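Following this line, the structures themselves.
What follows is a pair of complexes built around chain A, which joins chain B in one and chain C in the other.
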Partner chain A sequence: MYLDKTIVELHNLLVKKEVTPYELAQEAIENAKNDSNNAFETICEQEALDFAKTLIEPEKDNLFWGIPYVAKDNYSTKGILTTGSSDILKDYVPVFDATVIKKLKEKKAVLIGKTTLDELAMGGSGTTSHKGKTYNPYDKTHTYIIGGSSCGSAASLASGIVPFALGSDTGDSVRKPASYAGLVGFKPTWGRISRYGLFPFAPSLDHVAYFTRSVEDAAIALEILQGHDELDMTSSLKEQCNYFKDLNKDIKGMKIAYIKEIVESVKDKVIIEQFEKTLNILKELGAEVNQVSMDKKLLTAIFGTYYVISCAEATSNNANLDGIKFGLREGNEKTYQEVMFKARTKGFGEFIKRRFIIGSYSLFKENQEELFLRAQKARRKIVNEINKILQNYDLIYLPALGSVRNPFESNVDKLEPNYLIAENHLAIANFAGLPSLTLPIGIDKDFPFGANFLGRAFEEQKVFNVAYALESKLEFKNITAKKVNG
Partner chain B sequence: MELEAVIGIEIHVEMKTKTKMFSSSSNVFGADTNTKVSPLDMAFPGTLPVVNKQAVINAIRVCSALHMDIDHELWFDRKNYFYSDLPKGYQITQQRRPIGSNGYVEILCDNSMKKIHIERLHMEEDTCKQIHYADCTLLDYNRAGTPLLEIVSLPEIHNGEEAMKYVDAIRRIVVYSNVSDGKMEEGSLRCDVNISLKEKGQDKLGTKVEIKNLNSLANVEKAINFEIKRQSELIMNNLPVEQETRRFDETHKETVLMRKKTDAVDYKYFTEPNIPPIKLSDEFINDAIKSCPELADVKYERYVKAGLSSQEAYQLLQDKDLSSYYDSCLQYNPKLAKQIWNFLVVDISSYLNKRGETFALFTLKAENIVKLLSIIDKGDISYAQGRKVFEKMCEKELDPNIIVESLNLKQNSNTEEIKAMCLEVIANNNQSVIDYKAGKDRAMSYLVGQVMKTSKGKANPQIVAKLVKEILDSK
Partner chain C sequence: MKEINETLLKECAHNLMFDMKEEEYQTLLNEFHIVQEQLSMIGEIDGLDQEEPMTFPFDCAISYLREDEEKENLTREEALKNAKDVFAGQIKLPKVVG
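Moving on, here comes the complex of A and B:
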């Protein structure tokens, strides 16, 4: 058993030749086959073993050498089925690799499988994949969600199948499941990592994001994934950084803010108690921690703003899935309209059809001003407020979510103001394109929960450093369901 | 009631860039179907658009030629609709902020220049090509993503002739700036005409009719004139003009109904999120304009200055390849502007016509053509002999001097030698001298002919004529 270790730990073993990439790949594939959480769309057994077999001489300076990983099934992988967990793409085999897949291949990381997601990344519960629900490894009763949309990737890490998983984050799709699954979930500044080959949900909000089980591993991953890509005009030309080498636990003098209205919206006492404890740790580490305030009206508007913008963009981004090039075709359709109508009716699940309709509706000429453009204005206002806080503070620190666990069947009023704020504030980082990291800060009745750091644009290093410092004072580094619950 | 037509024209120009508007697949006309296609052109999930820099440079050049305001920031929008020829389910275009706005072009109508104002010019991408069969439709993605310029005029055109001249003016600009082939028959320049009638002096416009698929300048004129007549007759007979799209039927020389226009489609435009706003520096814009190939109106001025008549200059500009060959010749000897024009437009053109060829593939070196014309100009060979030398050059390209030499064509222009021959001929033809003195002009021609004969055709005929006359007059 090796794969419940971190990337750094595995690297040391690989370099010492105590284990080989082939053995790690074998173990990961075995783990994936025994997965009981419905985390996988595809296991790339042959491809992984063939590739791992070629990795003989360890590369001392390449921390991803021979490391097995999984990718959310909305990353284009050449020659490997990529479904987006949607029936409309159930037979789609891409002809090209996403830029991040290519980079990982160049670093000789070994792709073990493609993981489930809420259909085409639209959803936060991990329940709308065409393969059904994905479960939380911390919950043997299969009662509570792992969160989504990057549910399969989160489950793979929490159950110790691999130490690294690509996810994607449009609202909180990595950082939310990271909280439910006891993981480090990270998304960088918009533009820091190329999105080429990531299936678009809402490009202005979409980020390549990922899970690790330690802050160190998260820093290593950004080092290799960062950088401008000629295939993505929105990828940044900013200089690349040595995030891992420059990791530093010394956070003396760092200014950290927490937003009063968001903390108050969290009604779970365990979370608040532990959150306050971590505030004290940060202070003890020498950080200056202050409470700031933000207009509650703006905070309750996050969800609506997110929903309108993301659905509007989504309806356009998925218009290519029309049955002409992709999707089901029965063959006796008389008109192109019939081809499209049938393919889309059959190929998409109910939940995303609803989103397409809402998105389309908000873009209609007669509604655009009132819905789409109004949402853009709200987004701008929220971003301005956050940037104002970040003029005076290096980071914003908050509980990631309002609850430790969340059942599949729930009667919660999702439009209740506290719920609206506590469960949706992570989307601020997507509105503003800012780096954001969730890490576990506590465990309640066998369920982990996380808190989140939000940093200034392109100041990922500070986010890593403060999370690294806090992680070292807590006992939740590299936890898995098995380690916690036995 | 006197009616007046109000016409606006939308022109789509296919740009001949190396690659497509947003992808790296090559942009060529006439390749095998579905061979110039990249994942983006077929809208594979995860592909992202990358703006073609040359397309932007081209757009700037055309904007400049049309005296437009050029936006210093590029923005793109999505135009959303479902159609089988639209791979992504949306087209990337520039709805809200076109790169060019507020321009004009001048056309010559009734001996005076008329300005036609242009509302906007924007960049967008073409759809894929549909090939319809009885039982199926096939799609060719080669065309998907071809860079387009759309140029929209204000409704300031009033008849077929103006419309034709407007389209021709735009065509010349895009052709001479090297932005497009501008071939209407191949679809690299397409125009849609919006036409409605109104009572002269009134503001209220009648119903607007759109005409599509106009594949030649002549058809633009014919279609509009037909449509004006058709709508006038409807109005005069108190019949309604329907809002519809029509096409021009070449065989019957009339516009025919394609489809009735129902409510306009809602394209649900929004800003393209995958292309950040791109700042265009003054330097970039100025460089694009400065490095633009010479435009037709500049060439025209230059030709007139070089000594061509307005008509001659205009004739050159009708064929870009001819005009560019002319320019190559001109640089070797600008003094021969007229002679070159004559030889290219008359002799070489007729040579090419006979073979069904054009200047596009004419390979003789301009330098050699100019050499040949210099030899003729010096009087070393006659024009008729020059044509022969040209034909030899077409068989095998050699320096014309060598051909003249090898054919032994060089004229004798040595005055002393010719004078000796003239004296001899005149001495032997007393009767002709008497006839000449008696006023018979034919005698003079006869004597010149005899001298030419003596010289075996090589004496310069102009010098012979001059000397014979001098000698006769001095007798």
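Moving on, here comes the complex of A and C:
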């Protein structure tokens, strides 16, 4: 068994020819077939084995050579079913690859399968896929969520099926499940990675993001995925960086802030205790760590701001799902309107229909000023406050979520300010387009939990370095459910 | 703001070209007051109306003229591959004019 190792460890074994890409692909496919967490939409058995068979001579300088991986099912994969976990695309087979899929293919990484998500990436619980709930490998009772929307990708890494998984992050869809599943979850600066071929949900907030089980692996992945793409006009022309080569544990003099009001909103004491321990570790490593304050009214408004903007953008971005060019089409319709109406009525799940309606409501002429424009103004104000903090600090460091576990059947008061702050503050990184990384920092009663670093735009290196330094002082590098719970 | 009731929710759904079950409208109506409260928290932010609406994280959109080079595009066959009803190389839909 090899696949509970990191990319770096596997690469060393591949280079020494102790294992072949074909053997790794076989093991990953076997693991995927035995998955008990509903993590997969499709397992690409034949394609993966055929490709792995062609990989004979190891490429020493290419760390992704022969590495098996999975991709969230909202990335276009040429010739491979891509559903977005929605019935409206249940038989859609893209005719082109997303840019990130193409880059991974060029690096000879082996795509093993497509993973489940909250339908069309709109959700945070991992419950609204057309295939039902996705489970957390750390929870054999299937009581607690793994979080979403990148639920299947998170489950694949936490159960040791593969060492790398593509996800996408519009509010916290990678960095939240990373906390529940003991993973490194990373999203870069908006524009750092091309989004061509990623199903758009809310383009002003959408990011390509991913999971690894170590900070080193996260740095390697950004090195190959970064860069401008003429197929995505929002991808940046900024010069590319050597994130892995420049990884450095020396964080002496680095200035780190934590926001008092967000830390105070955390419900579980064990998170606070462990978070405080990590603050001390960061200080021991030579960082200057200080508490800063932020207006609580701004923080409680994060969720509403996110909800209005994302639902409104989603309403127009999903207008192309009409059952005409691709997707579900029933047949025997009398008008083209009926084609669309039937496809969308039958193809969309209840949860995303609600989101579309809320988006549409906020865009009514009478409501635009009150809802949509105000949300956009609130976004500006929140981002300005965060950037003010980042003028004086290199990074902001916070508990990723307010609780270690979150049950499927939750009775939480969704208007309670602490809940609204602790469970939603990760969306700040999407509002501002800033790099953000969740790192596992503790385990409570067999469940892992994480903390999050937020950096300045295009300063991913600092985010990696501080996470790398902290990871080396903790015991949660490359954990899986099996290693923790047996 | 527009008052929320079942008729309005149906109007929204139909504008979006889909329908829901009666009980789903009822669930949404019941939940809408929570959503409205959450949204009303935006209005409590001090000095909000002095801010400019923010539409993207930063102004980094690239605009330039491409060289006039022939590029690989989808073939007709590829473009039609996922359409359910195809006739004479085109997507077929119900007649618009009788």
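Here is the rule we go by: the second predicted complex is superposed on the first by the 486 of 486 C-alpha atoms of A that agree within 3 Å, B and C clash if a C-alpha of one lies under 4 Å from a C-alpha of the other, contacts with A are read in each partner's own complex, and residues count from 1 in each chain.
One rule holds in what follows: a residue touches a chain if its C-beta (ideal position, glycine included) is under 8 Å from a C-beta of that chain, and two chains touch if they have at least 3 such contacts.
These numbers come from a predicted model, not from an experiment.
Trainee: Quick check for you: in the superposed arrangement, does A:Tyr196 touch first (chain B), second (chain C), both or neither?
Mentor: first
Trainee: Which holds for A:Leu231: it touches chain B only (first), chain C only (second), both, or neither?
Mentor: first
Trainee: I want to verify the contact counts: of chain B and chain C, which reaches more residues of chain A?
Mentor: Of chain B and chain C, C contacts more residues of chain A.
Trainee: Tell me which partner A:Ala457 touches in the superposition: chain B (first), chain C (second), both or neither.
Mentor: second
Trainee: Go through the superposed model and pick first if A:Lys414 touches only chain B, second if only chain C, both, or neither.
Mentor: second
Trainee: With both complexes superposed on chain A, which partner does A:Glu350 reach: first (chain B), second (chain C), both or neither?
Mentor: second
Trainee: Between chain B and chain C, whom does A:Gly84 touch in the aligned arrangement: first, second, both, or neither?
Mentor: Touch status of A:Gly84: first partner only.
Trainee: Can A:Ser316 be said to touch chain B (first), chain C (second), both, or neither?
Mentor: The first partner, chain B, only.
Trainee: Just chain B (first), just chain C (second), both, or neither: which does A:Ile56 touch?
Mentor: neither
Trainee: Of all the chain A residues, which ones make contact with chain B and with chain C?
Mentor: Shared contact residues on chain A (touching chain B in one complex, chain C in the other): 92, 95-96, 204, 230, 233-234, 315, 322, 324-326, 336-337, 339-340, 360, 364.
Trainee: Which stretch or stretches of chain C touch chain A in the complex?
Mentor: 1-2, 4, 8-9, 12-13, 15-20, 24, 27-28, 31, 34-35, 37-49, 51-58, 60-63, 66, 74, 78-79, 81-85, 91, 93-94, 96
Trainee: In the complex formed with chain C, which residues of chain A make contact?
Mentor: Interface residues on the chain A side: 92-93, 95-96, 190-191, 204, 228, 230, 233-237, 295, 297-298, 300-301, 303-305, 307-308, 315, 322-327, 329, 331, 333-341, 344-345, 348, 350, 353-354, 356-358, 360-362, 364, 366-367, 370-371, 373-381, 383-384, 414-415, 420, 431-434, 457.
Trainee: So in the complex, the part of chain B that touches chain A is made up of which residues?
Mentor: 39, 42-51, 78, 80, 82-84, 87-90, 137, 139, 266, 268-270, 273-276
Trainee: Using the touch definition up top, name the residues of chain A that touch chain B in the complex.
Mentor: Those in contact with chain B are residues 74-76, 82, 84, 89, 92, 94-96, 98, 195-200, 202-204, 230-234, 312-313, 315-316, 318-322, 324-326, 336-337, 339-340, 360, 363-365, 368, 372.
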